[in-house]
Amino acid sequence: MAERWAPGGDLLETVGLVKHFGGLIATDQVSLSVRAGELHAVIGPNGAGKTTLVAELAGELAPDGGTIRFAGEDITRLKAARRAHRGLARSFQITSIFREFSALDNVALAVQARAGHSFRFWRRAQRDERLQAPARALLADMGLGARGDVPAANLSHGEKRALEIAMALAARPRLLLLDEPMAGMGPEDSARMVEYLKRLKGSVAILLVEHDMDAVFALADRITVLVYGRVIATGTPAEIRADESVRRAYLGAGEEA
Amino acid sequence: MKFSPQAAAILLGLALLALVPVFSALAGESFYVDLFTRILIFAIAAMSLDLILGYGGMVSFGHAAYLGIGSYAVGILDHYGVDNGFLQFALAIGASAAVALFIGAVSLRTSGVYFIMITLAFTQMIYFLGVSLNTFGGDDGMNIAHNSDFAGLIDLGNATALYYFVLGFLILFLVLGYRLVDSRFGMAIRGAKSNERRMIAIGFPTYRYKLAAFVIAGAVCGVAGALLANQSLFMSPAIMHWSRSGEIMVMVLLGGTGTLFGPVVGAVVLLALENTLSGYTEHWQAILGPILVLVVLFARQGLFGLVERRAAHGAGRG
Amino acid sequence: MLFVIEQGLNGVQFGVMLFLMAAGLTLVFGIMNMINLAHGSLYMIGAYVAAYAFGATGSYLLSIAVALLAALLVGVAIEIVVFRALYRRDHLDQVLATFGLILFFNEIVRMIWGATALYATIPGFLAGQTEVLPGLPYPTYRLAIIAVGLGVALLLYYVVAKTRLGMLIRAGASNREMVGALGVNIAFLYTLVFGLGAVLAALSGLMAGPIFTVESGMGDSVLILAFVVIVIGGIGSIRGAFVASLLVGVVDTMGRVFLRSILAAFMARSAADNAGPALASMLIYILMAAVLFFRPQGLFPPRGR
């Protein structure tokens, strides 16, 4: 069945996604969707299966059941590396960068990934403007313009998280899977990241997994709440804030988000 | 042209190597030319291993197999009357590349210790294959009657000519190697070593690049094998024993993994050390063993790695 | 038919010897994530010390005790001096460092006992043959090896499955950090596990002495086979090591004996004479490749991996 994807429709859609590890059900019939240009947040208590979900969407983990559609195409069995080429990029909850390379080389490598094949054996990658120029621009966008030559391992935590995003954006994705981008960040860095994501909104769809409720309610167009691998509510921030089951399960009665 | 400390060290090293026949003639001892020819051959083998091990993070315990394939290519052709160097070397490269393609294709589906074990297993298989080739001496190996003939352009029977022939290949591979590791391909395999998970996430199908590197390394080592056949005029399965693979790894370590010239330094140091120590005592391995352990524990970056470390300190690019 | 059974028994005998090596190896790798190439050296030390002690004192029991003790001491010594620094390192470093240990130990035994092989005798009470089945006499010594091997396997099973130490071992194989977090003295556990492995390796070596030659480097080929066994069996699994070592032992032995004849059935005699032994040597590796192709984690991967 070739479903035509219409712009403005669902860019990403999961239907009945299931994943279990032995007796533990990590993803329990999860159906959600992300529209083009939308920022859709996924929240839930620890152990809710958020990172497992991201891994399934990214292609790192094969679901046991259900389907994932991206831009109308069934990508459930598509390998992770190919998803990046389709326009689906991700950042990692625990920073996953190339520590030995400079920040610029990190992003340049991500740019290189999208630039066709890498069976080029002679020309120096670091002198290739087709890689370096976009990389420099991405770093500058994330506020890392001056830090290009620093070995990635030596960046501050906030800078590393920003580099994470820069690398994901290098692929010029249509959908960004952000797994707790603000993990471990102090208030200043977090605020900066929120501002950045606000600017990014609209030009790329974002599935944001986050614990930081301030950020979530400031940014999200829609929110899905995941508890024990199951979706217990999906809706606008206002709807979610008012939802009884969400309050009970997660926010806690009386807590102002 | 800017000279980094590494480049200066490399040029100095190459210059000294180029002068070995001169020193040897002055000392009146042709032995040194033979020794250093052998050293340079192993240096090429070690360099090829460094490509996949130091830059690509693939711990292949089976690299000595290609030394064997290369030398048997020359030896077998010579046995059947073909001493045309171009053909022999072409076969050495082709056969090594083909075998590397097969071994790599299977092994690279695994990682970690499984990868190490599978590469070890394949080397053992090739070793046993060599042992079983009774037509070519089996276990004992066999002499090779003639040197490779390159249309009469060079007399590889002449020790000095052979030395510079080998040195020429070393320099060629060094240059090609340095371009390769900085190219897009090089960045791809270095990225795979650094963080394969991220490489896949950003869209690199890492398997094909690692396989290509594996094949290239095998082919280069095959050339080293063909050169070895010319130096020793002997082919034997002993060169494919897994302990030889271990020795080549030691050279890479001693010199410095991930530096390309480091393995050259490592080959010089290890073989020269072996040569000197065995002059003092037949039990030199009892000294070499602990030295190896100490280097791994305390001087992991290796000798040339010290130069690299000092040069790259503080800078991000390089 | 009796010949086949006899070869089968030889295969089992070889298998249990491999098991003793593999058990220690798989424990060390499974719990400490450490590749130890020097395991073969402990096998060699066991063989050398036992052969020498038996020759010098005439007491078989004493020679066993001395050999096991020597291996334990050497094992603990290298664990403390070398391994503790290596646990945190990557596999390449471990391979290189333990390769250095192999060189060292291979040379040390040459220094102490010379380059020629040592002669290991079978003690009187184990010499001769026993009638295993009517019409099938089998060397008593080999039967003893099988008995000891199976006995140790049962003992290990009991320890791993039923005791607290065994629980720690199983837990450590699945989740190292957790065991540390539980407040267990990890350093001591590691030394204990490694010491156990060393003793098992030495036991295998001393039993092998009379059958194979006691010479420098004897542990190296056994080591590779032991690694093949644990890869087939599943790293960290003793049960896997047991099954895989018997499998490898039988396949290898039967292969060497029968392959040439099987091949001669459909190729020229001379070709079979060449191909038979070559293929027989390669058989184990082909088996390993095949297992890994279908089950990349081995036959019995410990849960949690």
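Letters are used for the chains, namely A, B and C, taken in the order the chains are written, and counting of residues starts over at 1 for each.
One rule holds in what follows: a contact is a pair of C-beta atoms (placed from the backbone, for glycine too) under 8 Å apart; a residue touches a chain by one contact, two chains touch by 3 or more.
Everything quoted here is computed from the prediction, not taken from an experiment.
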Q) Can you name the chain whose C-alpha mean lies closest to the mean of all the C-alpha atoms? A) B
Q. What is the chain whose Cα centroid lies farthest from the Cα centroid of chain B?
A. A
Q | Centre-of-Cα separation between chain C and chain B, whole angstrom | A | 32
Q: Would you kindly tell me how far, in whole Å, the mean C-alpha position of chain B lies from that of chain A?
A: 43
Q: Please compute the C-alpha centroid of chain A, do the same for chain C, then give the distance between them in whole Å.
A: 48
Q. Can you list the chain B residues touching chain C in their complex?
A. 53, 59, 61, 106, 109-110, 112-114, 116-118, 120-122, 124-125, 128-129, 131-134, 242-243, 246, 249-250, 253, 257, 283-286, 288-293, 296-297, 300
Q.
For the complex, give me every residue of chain A touching chain B.
A. 58, 60, 79-82, 84-85, 89-90, 92, 96-105, 108-110, 112-114, 118-126, 128, 131, 148-151, 154, 167-168, 170-171
Q) If you look only at chain B, which of its residues touch chain A in the complex? A) 179-180, 182-188, 190-191, 194-195, 197-206, 209, 212, 315-317
(Q) For the complex, give me every residue of chain C touching chain B. (A) 29, 35, 82, 85-86, 89, 91-93, 95-97, 99-108, 110-111, 220, 224, 227-228, 231, 235, 274-275, 277-278, 281-282, 285-286, 288-289, 292-293, 296
